[in-house]
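Given below, in the form of structure tokens, are the structures.
First subunit A sits with subunit B, and in the next complex the same chain sits with subunit C.
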Partner chain A sequence: MFRNPAGIFPLSYRQDMALVRSRPQIAVLLAFLVLLVLGPLYFSPRMLAVMNTSMIMAIAVLGLQINLGYAGQINLGQAAFMGVGAYSGGVLANFSGLSFIVVIPLAGLAAAAFGYLFGVMASRIKGFYLALTTLAAQFVFHFVFINLPADWTGGAKGLAIAPASLFGFQFNTEGRLYILILVVLVLMTYGAFSIVRGRYGRELIAVRDEDTAAGIMGVDVVRTKVRAFLLGAFFAGVAGALWGYYLRYISVDQFTLFNSIWMIGMIIVGGMGSITGALIGVVVVRAIQEGITSFAPVLADAVPSLGSELIFASYNIVLGILIAGSLLIEPKGLMHRWNTIKSSYRIWPYPY
Partner chain B sequence: MNRQETLATLPQVHPGTPVLDVKGVSLRFGGVSALSDVSLHVGQDELVAVIGPNGAGKTSLLNSLAGFYHPQDGDITLFGNSILGMAPHRIAKAGMARTFQGIHVLSTLSVIENIMLGCGFNAHGTLARSFFYHLFGSREEVALRAKAEEIADFLDLGLVRHQPVGTLGYGLRKRVDLGRALALDPKILLVDEPMAGMNGEEKEDLARFLVDIRELWKIPIVMVEHDMSVVMDLADRIYVLNFGQVLASGRPAEIQVNQDVINAYLGGSYKAGVAT
Partner chain C sequence: MTLFLTFAINGALQGLLYALVAIGFSVIYRASKVFNIAQGELLVLGGFLVWLTLMEWALPLYLGLPLSLALAVASGWLIERIFFKRLVGEQIFAMVMMSIALLIFMRGFMLVVFGPDVRAFPAIFPAKPIIFQGVMVIQPLLFGGILTVLIAFGLSYFFNRTRAGLGLTAVAEDHRTAMDLGISVRRASQIAWMLGMVLAMFGAVVSMNGNSINFLASGIGFIAIPVALLAGLEAITGMLLAGVLIGVVERLTAGYIDPLIGANFASIFPLLLMLLILTFRPSGFFGWKTIERI
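Let's look at the complex of A and B:
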């Protein structure tokens, strides 16, 4: 249950609806942001690279959280939406020479247009059948972008992209890209919070929890489902464009079904229907992935009979264990556990 | 918009014109005829009850009014405009709100958020603007909140406003459902078995709210209900449905002595003023 921290008494509706409610909370949030911004100063090169890919992934997962966690529209094609964003961003940047400040939102919109198609379908089908339909996004993406003229998208060879630059300042090192990605992530996180706390967020939840009754609550169910896919794909598109600027080389193989399922795994681990949960899910799952990458070679050396395919194989196994495990132990995700701890701490020493 | 302003914007209807007019509605599911040639009307400032045995078509009627079912024949008009075939959310925007027989509230959201969901039906902020809460979104949210608080006050839900509805008891949840319906600024309110599963005290509370909605807010009400003491006390007029047809209609005193109704529904031992 929702409780205010001790000593906090909102005096206006605005205060009562604030997400960051007390001075210590503001201080901790700012300190955390400062710590993140200063990351390049104390992160190791590998840590920095892991952070960069994780933060890009986090943007796409935020979108998936809105789509899947808030609106309840299952989506197995988030990586494809990301790919569409990456390619549109890349093509746009290469051919028009526009600044990344324009390219990234436009790439988001391009992906949103692709997502729109599936939103329209979601208004007719749901659940299992919708999952299969969004699966098609993955294959449509692969097929289309590999078969487009090679001088547009590079075909099977992939597409090289020039580094993002602003007034001659090039984002071409891990550290510089880190700042760029962090700024976009913070902005997108803010946007995600803004949307889910407001009217549109409540409408998404209404469609998730009471699909048929939502109409009578004044919610336009069809448009809300379309909106969910638009939003989810927009976030994925922004992430895709950043991915292009980060790797400076994109190919269709970087956006596979496997990535989409990892993203769903991150949401399950972090907690459905929570923006913070999505971020936590990304951190936890990426930490485990990196753990495997570090640990598997050691294990392979110690027990040579396991073979050299160990990393990839254990990725699959761990993904399975992780999803099954969190569904068994904490189906509502880590965020739910955290909220439980928080509310019991706030009323401590009373039991309720 | 506060309540007084809402009242001022109510469509001005000729005193004799019904708010809701159902003309010869028939609804069939394959070979099953759920409603056949049902006609009824509800005037401004009226509380109309629909009663009848199980399977008589009461909920089918409400579902047809709310746009869940689309009757094959007949017409349903709200302030003279046909709402037949419209999507549920459009009918809701046209001024018809309903509560449900089962509980359909968003159990993960708090009481006040549930009511705010209803309040938001007419809000204007776009998706792109709501991306920036502090710049654009917050003003609208505060306005919705203020309106939701007004309804929460009316229904005495202030103390539980921040509790997730899923943690509340059955009676309170039904009250939240009513609040959510009221948030739509309805011009007519449909309530489907509001008293089902309530204890005596909760029934009294809810009856009081229904009377208040009608007297203070001048919202006509259509009520489907099995509790005859509530129906006979509250309703101005009663329609009795049986096998999808209107068996009788009239004031409670007339219905109580109608031999057809006694045979079909009330039972021979029914006496006025005694709960069944």
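Let's look at the complex of A and C:
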């Protein structure tokens, strides 16, 4: 159960649902945001690059959290949705020359349209069958973008994208991109919080917990599921477009089934059904991935036969153990553990 | 006409191979209610076990095959023990996630243990194609097809007609009810994984016979998913029909449509067909239709 800090008594629904409840919380949040914004000043170049890719990944994982953690619709194709966003953003930017302010939301909408297809499937298909049909998204994405005319998408060679620019200011260094990505991430995080706190978020949770019962209570189950996929894919599309602007080169090999599965891993580790949990999962899993990359020379001496597959292999082993361990030891994720600790110190010295 | 027949017959045989892999899905599902996404990885593991005994240790066939079979059963037991033993009675979601964890763990594990190299795979069935009146039939697939049909009917009899098999089937319906009726869900789950691993090994032998083995061979697990969903997860003999349908459609697309459009449309046509059919029949052709109660 959620407990407020001592001395905070919500007197209205509005206060009860507020994201930040006390002055110290506001102060800490602002301090944290300032620390993040000043990141380029004190991060090392490698740390900055890691932060950039992690934040892009975090946007896609937020969408997956809505789709999977809140609505309970298992989605094995989030990387494909991200890829659709990246390609539509890239093609749009290259051909129309529109600013990224327009391109990024449009890329999100394009991915949402692709996600809609699977949302419609979700209204008919359930459980295992649905999880496996979303696998098809991955294969369809790969086929379509490899085979579209090469002067649109570059085919198997990939697509180069011009840097994002605003009134002549070019986002072409890691530091500048960091600010751009951070702004989008903060916006999307706020959006995700707003979605899941409102009536619609409660509908999602009702459908996740028992969709037949939710239907009886007056929730439009079909529409809720379709919207969950639309939203999840929209987030992925925005992340994909940012990815395009960040790397300035996209190819279908950047959006594989394993990427989708790793995103699901981040959600399980962080905690299902929690926006903060999704962010924590991204941080933890990405930290482990970077740790493995740092240890790669040591590992390469231990297992010389692996060669270039080394990082992929060790990353998979560690993440596999991590997911399995989370499911066996703490199925509700790190966020749940944190909430337990938080309420225990808030009510200290009483046990409940 | 002979070209068409070649496509159709080999497509059907290839489809029976998919059915063999899909039966692996079905058997694990029928006895433990887990849909094992990692079936392709199990297949690679099974293949490497055969490779280990027959090629690396160079044992004769009559000694190597039983040994790799025993190793397969042992590894099936081990996988169940480590990953799934404590999930009895959990929600579908936890099971899907656990099989995803198994998938990525095994991908990494196999890379570390067996390496990324392509290895030669022993020829257990004669590998030479049979040519009859201009129609070419791939021989290992023919033997594999016969094996698949036998396995399908055998397992179907076991699950639908024998007391032990019906006990396992009850586990697939509901863990708690099965436990109430005195069926050991733990035991069922163990049997499921041992059977699943053995079937994966058969699949490996048929698909890689006389060819090569590499960790990427697990892709067949994903190709078999449309087969399993089309037939319905619970239908063992139904897999044969769905497999042949998917196999023939895939081969004919590869033979006639792909050269026209210059793209590998055969790689996604089975998936699109599956999406279309599932929209009208959400639990496949022969899957159980469940009535939902609150």
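Note that in this section the second predicted complex is superposed on the first by the 343 of 352 C-alpha atoms of A that agree within 3 Å, B and C clash if a C-alpha of one lies under 4 Å from a C-alpha of the other, contacts with A are read in each partner's own complex, and residues count from 1 in each chain.
Throughout what follows, a contact is a pair of C-beta atoms (placed from the backbone, for glycine too) under 8 Å apart; a residue touches a chain by one contact, two chains touch by 3 or more.
Owing to the predicted nature of the structure, the values given are computational and were not obtained by experimental measurement.
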item	value
Joint occupancy of subunit A by subunit B and subunit C, clash or fit	fit
Touched partner set for A:M121, first subunit B, second subunit C, both or neither	second
Contacts of A:A213 with subunit B and subunit C, given as first, second, both or neither	both
Partner chain(s) touched by A:Y129 [first = subunit B, second = subunit C, both, neither]	second
Touching partner for A:R14 - first (subunit B), second (subunit C), both, neither	first
Inter-chain angle, subunit B to subunit C through the CA centre of subunit A, in degrees rounded to a multiple of 10	80
Per-residue contact with subunit A, leading partner among subunit C and subunit B	C
Which superposed partner A:S314 touches (first subunit B, second subunit C, both, neither)	second
Which of subunit B and subunit C A:V221 touches, first, second, both or neither	first
Touched partner set for A:I205, first subunit B, second subunit C, both or neither	first
Nearest Cα pair across subunit B and subunit C, whole Å	7
Overlap of subunit C and subunit B interfaces on subunit A (superposed complexes)	210, 212-213, 216
Partner subunit B, residues of subunit A touching it in the complex	1-2, 12-14, 16-17, 190-191, 193-195, 197-200, 202-203, 205-206, 209-210, 212-221, 227, 230-231, 273
Subunit C - residues contacting subunit A, complex	29, 35, 37, 82-83, 86-87, 92-94, 96-98, 100-109, 111-112, 115-117, 222, 225, 228-229, 233, 263-265, 267-268, 271-272, 274-275, 278-279, 282-284, 292, 294
Of all residues in subunit A, those that touch subunit C in their complex	72, 74, 76, 120-121, 124-129, 131-133, 135-136, 139-140, 143, 146-147, 210, 212-213, 216, 257-258, 261-262, 264-265, 268, 303, 305-307, 309, 312-321, 323-324, 327-328, 331
Touch list for subunit B against partner subunit A, complex	66-68, 87-89, 91-93, 97-98, 100, 104-110, 113, 116-118, 120-123, 125, 127, 130-134, 137-138, 140-142, 144-146, 149, 162-164, 167, 180, 184
